[in-house]
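All chains are identified by letter, namely A, B, C, D and E, in their written order; residue positions are counted from 1 within each chain.
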Amino acid sequence: MNSLLIAAAHIKGPHIDWASLSPVVVLAVGALVALLVGLLRGAVARQQVVPALSLVTLLAAGALEIWRFGHPATIIHGALRIDDLALLIDLICTVSAFAAVLLAWRSEAPRDAGHGEFHGLLLFSVMGMAILASSQDVITLFVGLELLSIPLYILCAAEYRREGSLESGLKYLIIGSVGSATLVYGLAMIYGASGQTGFAGIAHAVATHNLLGDPLLLGGIALVVVGFAFKASVAPFHQWTPDVYEGAPTPITAFMATATKAAALAIFLRFFDVALIADKTTWSPMIAALAAITIVVGNVGALGQTSLKRLLGFSGVAQAGYMLSGVVVATHLGVSATVLYLWAYLGMNVAAFAVVHANQLETGTDRISALQGLGKRSPALAWSLTVAMLALAGIPGTIGFIGKFQLIHALVSGNHSWLAIVLVVGAMISLGYYLKVVAAIWMSPAGSASEISGVPVPAGAAAGLAPIAGGAPEADRLPYPEVVFVAVVFAALCIIFGILPQPLFHLASHAGSALRGLL
Amino acid sequence: MSLSILIWLPLVLALLATQLPARHIGRASALLSLIPLAIAIDFMARFKPSVSGLQFVTDKLWISSLGIHYKLGINGLNVALILLTTVLFSISLAWSSQREISRPRQYYFHFGLAQSAVLGAFTAQDLILFVAFFDLMLIPFYFLVGSWGSGERVRATIKMVIYTAVGSFLMLAAAIAAGILVAHQNGTPLNFSFSAIAHLRLSYTDQDWIFLGFAAAFLVKMPLTPFHGWLADAYKSMPIPAVAVFSGVVSKVAAYGFLQVALPLFPHAAHHFQMLMLLIALLSILWATAMAFTTRDARLVIAYSSVAQMGFIVLGIFSLKATGGQGALLQMLNHGVVTAAAFFVLAAVAARAGGSESMDDMGGIAFRAPVLATFFLIVTFANLAMPGSSNFIGEFMILLGAFSSHMWIAIVATLGVVGAAFYALRLFIGAMHNRVGGRVQSFELNRIEALAIAPLVLIILALALYPQFGLSKSQASVRAALAPATLGGSYAAAGKPHRVYTHTAAAASASTSNSASR
Amino acid sequence: MSEVLFFLAAIAAIIGAVGVVTLRNAFYAVLALVCHLVSLAALFLLLRAEFVAAAQVVVYAGAVMVLYVFVVAYVGGGEEVAAGNGLRFLGPLFALALAIELCIALLGSALSGINSQGAHYVLGFGTPAHIGRLFLTDYLFAFELASLLLLVAAVGAIVLARRRRGLEDENPALAALIAQPRPAYTGTMAEGAGVRQVLQALEETHGGVIELGAQPPKLAVGAERSGDEAQEQLP
Amino acid sequence: MSPTTWGWLVLLFPLLGTVTIGVGYKRWTRAAGVIGTGAIALSFVSAVGALLSLLSRPEHGRELVSSLWNYASSAGVDAKLQILVDPVSVFMILVVTGVSTLIHLYSTSYMKSDEGYARYFAYLNFFVLSMLVLVLGGNFVMLIVGWAFVGAASYLLISFWYRRNTATGAGIKAFVINVLGDVGLVLGTFFIFRHTHTVSYLGSFRAAPHVFHTDSTDLVAGCLLFLVGAFAKSAQLPLHTWLADAMEGPTPVSSLIHAATMVTAGVYLIVRLHPLFQLAPTAGEVGAIIGCATLLVAGTIALVVTDLKRVIAYSTMSQIGYMILGASAGAYSAALFHLMTHAFFKALLFMAAGSIIGAMAGDQSLDRMSGFRKALPFTFACFIVGGLALSGIPPFSGWLSKDAIIAYLNNRGGIYEVLGILGYVGALLTGLYTFRMIFRAFWGEPSPEARELEHGHLAHAHTPRNPVTGEEEDNQVGFPGPEHVIAEREWPMKVAMGTLAVLAVVGGALQIPGVDHVIQNFLSPALANAPLASAAHEPSSGAAWAGLIVGAVIGLIGISIAHRIYVARPGTATRLQQSFPAVHGFLMHKWYFDELIDLLVVRPALTLGTFALGVLDRIVVTGGVTGGVTSVVRSGGAGVRRAQTGLLRYYAAALILGLSLVVLYFLISST
Amino acid sequence: MTLGWYLAVSAVIFCIGVGGVLVRRNPLVILLCLELMLNAGNLALVTFARMHGGEAGQIFALIVMVVAACEVTVGLGLIVAISRGNLPVDVDKLHELNG
């Protein structure tokens, strides 16, 4: 007993930079509080206070993330590195979660899962993402990844009375666990080769111990590639994506689509561009090939879809392919391009999913055909979705254009022009489905709209005029104001940052230069 | 007055107009569109034709980290096209305002957006800005076709947008690559403005593929054979005012792009691919002529004739001779006016043929509509480039340019001239003459129709009397634009330093633009 | 000695693993896994990972497996091994290919350590004290996170598997039906009657489409589509 | 006033006329005739003014250029809105405006009941304007503009009665062939411009001797292309087929455009461009040969055609063949002289034909005409005058002008002598077909219409029919007018025809070998630099008179043969037809030119078009380029979606497969 | 025994787990197979820890163990939920989401 105490006295915990850690802490505390408040009996407490609390938590976390911007620090004995890259990714996840909370406010999922649990898990997942994005050690990496994933498995299955939800949860869980196991094995091999768990240590070992061509290290890299690729839904490890996106509750899908992708891409950047940068010549072609495959498969797969969520799922696959470009080139520019695109992707996808959600709440389905007449029913939603689709397609004046621009920029500068061409080809194919969605919104089937031919239509046919489009949102009927709010705000951001992208470039370049050791 | 005002005003005015009660929007939009027109005339009047460089320059750093500039400017290449754009949009809006249009707010909004985008594309002096405006043009037309079109409009609009966007995306990649590679190869900071790229060297192989990217976008947009797959469906489906401006100015943006962007910036590639482009132009002329020969659809006759005309325009540009370039530029102006007029006339004719646009349902319309017939005739003669029309001067100079660079291509291309006479007249006769068609109820041109057609016909007549209008402003700019490409081969062979000529031209333009902007 | 132990443990572990994959009855599979885990613990011991081995036995073989057994008992474990499709053959093939690749990667390494007995043994290596110290110092963060992870898992299990209220209030007909006696071997939790089956039954009794109030419409689709299966399970 | 001011005035009046009539087509419909005629008359007066003021200048100063503004002056092209007033153009504007005035006058009666009265005069004035632009234009661009404008006016007037499919068909045919000619001019201009770097006439002419050597390739190519333009406009082989069809237009139109003025533009072109043609004798030979061939071919066709107007049309072709032959050979003044006399007598013949057609209630077939001698005495007289002039019988104008050409040819020698002799063959044919027409229409038993007319009744058809197809006219819209007119009852027609008849008789007096050389002297300043126009090449008056006598004899022989066949021994024609059915059929089919062109040009073009539309566009563009790509993408999409089975284990399998591949890649890239 | 043997065993177990995931239809058993895979990872980690003489691998293994437990818990919860919903406890019959 005594010896134990003595031993305990010898143990000196690592120094903890609480300021840098604060976003993570806030998220954890918020999650716990949400869980606890969720236990209260009052319906108001559960249905209003809990979401409000999570919003507050997310706001606080976001504020802290912004606060820490520009103060890079490696904390807790090398477990985490809170730098600008990590903070930007954290911020994406936070914003995405914020939107998800708003979307979920009056939807089925939190009621089914319990509000406290739902929001608690959501916050835990955000925390997992934050950790993953800033992890500096394979163990932290793995725990972060699981902390991200496990709540999502549960949230996907939250609408337990719906078969699709359960199915998507199970699929996500099993395939996700296969991915995790693969990742573990890969990390084990890398650990085996390098004897290190910290990224810096691995990088050092790889560079100095002549491990570059060692099958053990390379095998490990292969498995890690697959493990990450799975999370980022990179083809051919993407197949869970559409199914899970379709089956999961829409707010969760929105969150998953944006935040998970951000976290997965972040760890791609961090692990490959920090720990394995010395072996770049080996893994870069592989990731480039995966990116190309992903772009093609994602875009092609989305073509014939009838479910909007599925379509967005495939589109997300394709976008993951685009974003891998930044990993492939492994330069500051590449990193910043990926981060920039992640931001763009956040805006576009949240706007799109918000509209999908609103439409689903109203019509009960996410079929593309259910969008018909949305332009009349709710112009604000219709415009938001239109903007989101055009942005995803990369039309100028939207943030998607800026994102693709920077990716192509990075690729061309990084001597990967061919991948830029693939990216462009993918973007072309993508028009095939994005435009169909827009068409479904605005262009009712032939015959119903009055057509302009040479014949002057007799006056008086103006009875059934459409409501104002492009006007103020308050003109619309607002069944779910918070959802419409999310849709409109994010769509507006897509346009605003599409026209004035300089702040984003600025931030992204900070993220790019956060990774030292790159060109 | 800043160019920004000119290009953004249509959008702003459209937004203002949509705040009015639905029944006033059309008229308000039409009236308001006279403001940009007046501004454009003002610019035209203040334009100094003797200067080859930019005038009225607006240059702001837009995205500083990428060296993308918000740079607008007018030179001899775009000054007339800007005027044409404002004219055609005014007329299209006037035409629309007299008709009942469902969802007028969106309709006029899209028109305003389209006008802003087109004006932006014409004035943009930065690669990325140009690409952005070029793609932005697509959006309003996508909606205009898809929501207010006829027939298989959704399919048609998606087809159109995908086709054209394929080109634009390739152009985007090419544009980015151009900026980056120029910066890399010269060790200069990123800068996408035309003037910056024009006087820096770019390796020949890079020039080649970048040029092809641009060419793809432009060729699809015009369109030329074999990139015209979207044309028939889209033109068939477009509402008349939309097709008038689309065919009138949007397709010109592409041709203009060759002159303003592709040739001066990538002169070696332009020189290198001259034969290819000439052959494509020739193929388009012949192919479209053959198509226009056979189709019974009046609208497609005009559509294909416009493909043939675009073929001539490209022929002129890629003659890489000043005459050809001048002719091409004049022909853009002419064709813009004429094709828009043709579509409005077609609408009037279709209104008399029971709404049908098939030549089978027309015939004998001239009798009770002599004024319409006269207008149609004038348009037809202009369309077939009859000597005496301004179109003839355009074709004359184009062919002269082509003749002096590749004689046989010019000679074969004249087949298109003869063919045009046949199909254009066939359309006129089929619609206006011969026995009365089954569903025809002829009546004289009414005030509403005249509102659109008469001004265009007057412009056609005015240009016919004084085609110099379209030539006088552009000579210096065309020479400057073509000179590097014309020299492309010779200095490549001699291994002389790159692009001495443009360097001085750019320097000259810089000095003049400074003075002009003040 | 260690060689013998290694082979015994390794063979047992592999046999256990094979058992997990091949045994038809889920319960036996769980038992096979227990066998595997214990053998693995022995291997851990051979590798001087005392604490890991202990944890393996206590946490895994002890706690997790019990959970398994409960669920197997609840869900019912009878199952055919594989579907009659290509994966039955391709699956093992893929696995074999991967195994070969992994072995090449692991054994083809030029690292000297692979062919050694390991690093020089330091006293206290792998002992709980050492591990504990590390958890509280170098790996404190991971340790804390692991605890949160457990909390998440617990919450998740509750979210997914807990008994729900409110179903009865929403639809009296449904509630009445749930209250009916259940067929044998279908579990004891009343709401477990499940929506699909209830709907099926309701449709049979009422003969028509049922308004389910707040129920998402997707349910009805699912119910219709898998009606056959539901019928099989009803007496 | 200077000649150029007069020149602009010449252009101004028809322009004003066109615009006035066009704008006021509703308000002053009936005044259109007066306005139109008046405008052209003023134009004629201005032309006379130009003549006088030109004559008042010294000979070396008779080439005057005046420009209004830059038309297309850029990048080396120097096209101005420019006229050239010199003896050649003044000669032409005199002929054009003079004949036009008369035909306008004639038309005021002839078209008076037509619904499109105002439109008619607007077109007609526009035509005159165009023709004047053509002849006055001071550079190639203006020439081409005028050239195309007359084509357009011709098209408009041919399909004036646009409800007739035959008329619109003829119109488009004429137009397209004329555009072909325009293209010829344009390309020809290019060839010249390539070396002279100017489009102005005088600049080119001045530069030509310095930049071209004799028969240099580009020059010959350019001149041949100009000839293509000339042939298309002047209906020379093989671009002549439109002219006969052009008879669909109202008769005064045929008279003005397709006989007197426009179709002779080819001759004017060659004369105008003589400095170039002088340097390209090869091109001249080609032109001469084609002209000669045309005169013979057209003459033979005219022998068998039964449509009154078409006989005259083929005769026109034939006569223009003489002019082209002459102009190509270098007989510029003779060719222009013949151009003028031909304008007089051919316009007269057409007008007279119009009168007969009026009497026949729109029927144009010679088969049904006969015995109009008594019924239409004035018309008959005009016909006789015109016919004798055409046949080259002394002392009518055609005798002097045509034989001047042949005499020049014979004097020039070489191949031209052969062509000259063939010209005599043509003269024989001319006499024959001209009097075949006259004898058939005016001799013999009076036709029912003639008989009625003798009793004072002008025939009217119950249902107006298309004279060519017999198709019922679209009467609902009211044209062509229900009333027909004859010269005997209309003073304007009488005045116009009478004037022309007088001119056809005395016009030849302007240039009688050995007596006076008014035309030659007048033109000489413009031809001063032309060696071929020098005295050395002009036949002596003795040789000229010998030729005149031979020509007169041959013409008389032709007439007497016609008399023998159609008057003395009626039925001979039928017998001949039966004896030589192949020859007759060949001629009736107009040497199968239409069929040949149809086979060689029209059909391939249409087939190609159909092919392009139906096959190429669908297969290559829609199917191959677009369809191929989209179907690949689409099937790719279907594949991806099929792989998306929804079965979890398959996803896992895909993951594992992908994993093995990735590992494999890394293993391969190891070591 | 050299450590290579341990690694080989770990690889074999990993792949047995993989095979199990591919061929079994009962999600319960699939979860067991996942356990196999993770355990194989653990064995490798512990082996490497032995090889390098550092304890990081063991720490990692313990963490993996925790994660495995969590995954199992959630997975079992899901299976229970599926079973409650009277959906088939068979991954081959859960394929409503496809295409």
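Please note the rule applied: a contact is a pair of C-beta atoms (placed from the backbone, for glycine too) under 8 Å apart; a residue touches a chain by one contact, two chains touch by 3 or more.
Source: prediction; values computed, not measured.
**Q** Which chains are shared contacts of chain B and chain E?
**A** A chain counts here if it touches both chain B and chain E, which gives A, D.
**Q** Centre to centre, using CA atoms, which chain is the farthest one from chain A?
**A** The chain farthest from chain A, judged by C-alpha centres, is D.
**Q** Could you say which chain's mean Cα position falls nearest to the mean Cα position of the entire protein shown?
**A** B
**Q** Based on CA centres, what chain would you say lies at the far end from chain E?
**A** D
**Q** Write out the two chains that share the greatest number of C-beta pairs in contact.
**A** Ranked by C-beta contact count, first place goes to C-E.
**Q** Suppose each chain is reduced to the average of its Cα coordinates; what separation in Å results between chain A and chain C?
**A** 28
**Q** Once you find the CA centre of chain A and the CA centre of chain B, what distance in Å lies between them?
**A** Measuring from centre to centre gives 41 Å for this pair.
**Q** Can you check how far apart chain A and chain D are, centre to centre, with Cα atoms defining each centre and the answer in Å?
**A** 77
**Q** Can you tell me which residues of chain E touch two or more of the remaining chains?
**A** 7, 14, 17-18, 21-23, 25, 31, 42, 44, 47, 51-52, 56, 59, 63, 67, 70-71, 74, 77-79, 81, 84-85, 87, 91-92, 94-99
**Q** Where in chain C do residues touch at least two different other chains?
**A** Each of 83, 87, 90-91, 94-95, 98, 101-102, 104-106, 108, 111, 114, 138-139, 142, 146, 149, 152-153, 156, 158-160, 195-196, 222 in chain C touches at least two other chains.
**Q** Among line, ring, star, complete and other, which one matches the pattern of chain touches?
**A** Topology of touching chains reads as other, fitting no named class.
**Q** Write out all the pairs of touching chains, ordered by chain label.
**A** A-B, A-C, A-D, A-E, B-D, C-D, C-E, D-E
**Q** Looking at the complex, which residues from chain C come into contact with chain A?
**A** For this pair, the touching residues of chain C are 101-102, 104-106, 108-111, 114, 129, 133, 136-142, 145-146, 148-149, 152-153, 155-156, 158-160, 164, 195-196, 215-219, 222.
**Q** Spell out the part of chain D that touches chain A in their complex, as residue ranges.
**A** Residues in contact with chain A: 633-634, 636-641, 643-644, 646, 648, 650-652, 654-659, 662-663, 665-667, 669-671.
**Q** Can you name the residues of chain E that touch chain A in the complex?
**A** Interface residues on the chain E side: 7, 14, 17-18, 21, 27, 30-31, 34, 37-38, 40-42, 44-45, 47-48, 51-52, 54, 56-57, 59-60, 63-64, 67, 70-71, 74-75, 77-79, 81-82, 84-85, 87, 91, 94-99.
**Q** Which part of chain D faces chain E closely enough to touch in the complex?
**A** Touching chain E from chain D are residues 641, 644-649, 652-653, 656.
**Q** Which residues, counting only chain A, touch chain C once they are in their complex?
**A** Residues 7, 10-14, 28, 35, 76-77, 79-80, 108, 113-114, 117-118, 120-121, 124, 127, 131, 137, 139-140, 143-144, 146-147, 150-151, 153-154, 157-164, 169, 185, 189, 192-193, 214-220, 222, 364-365.
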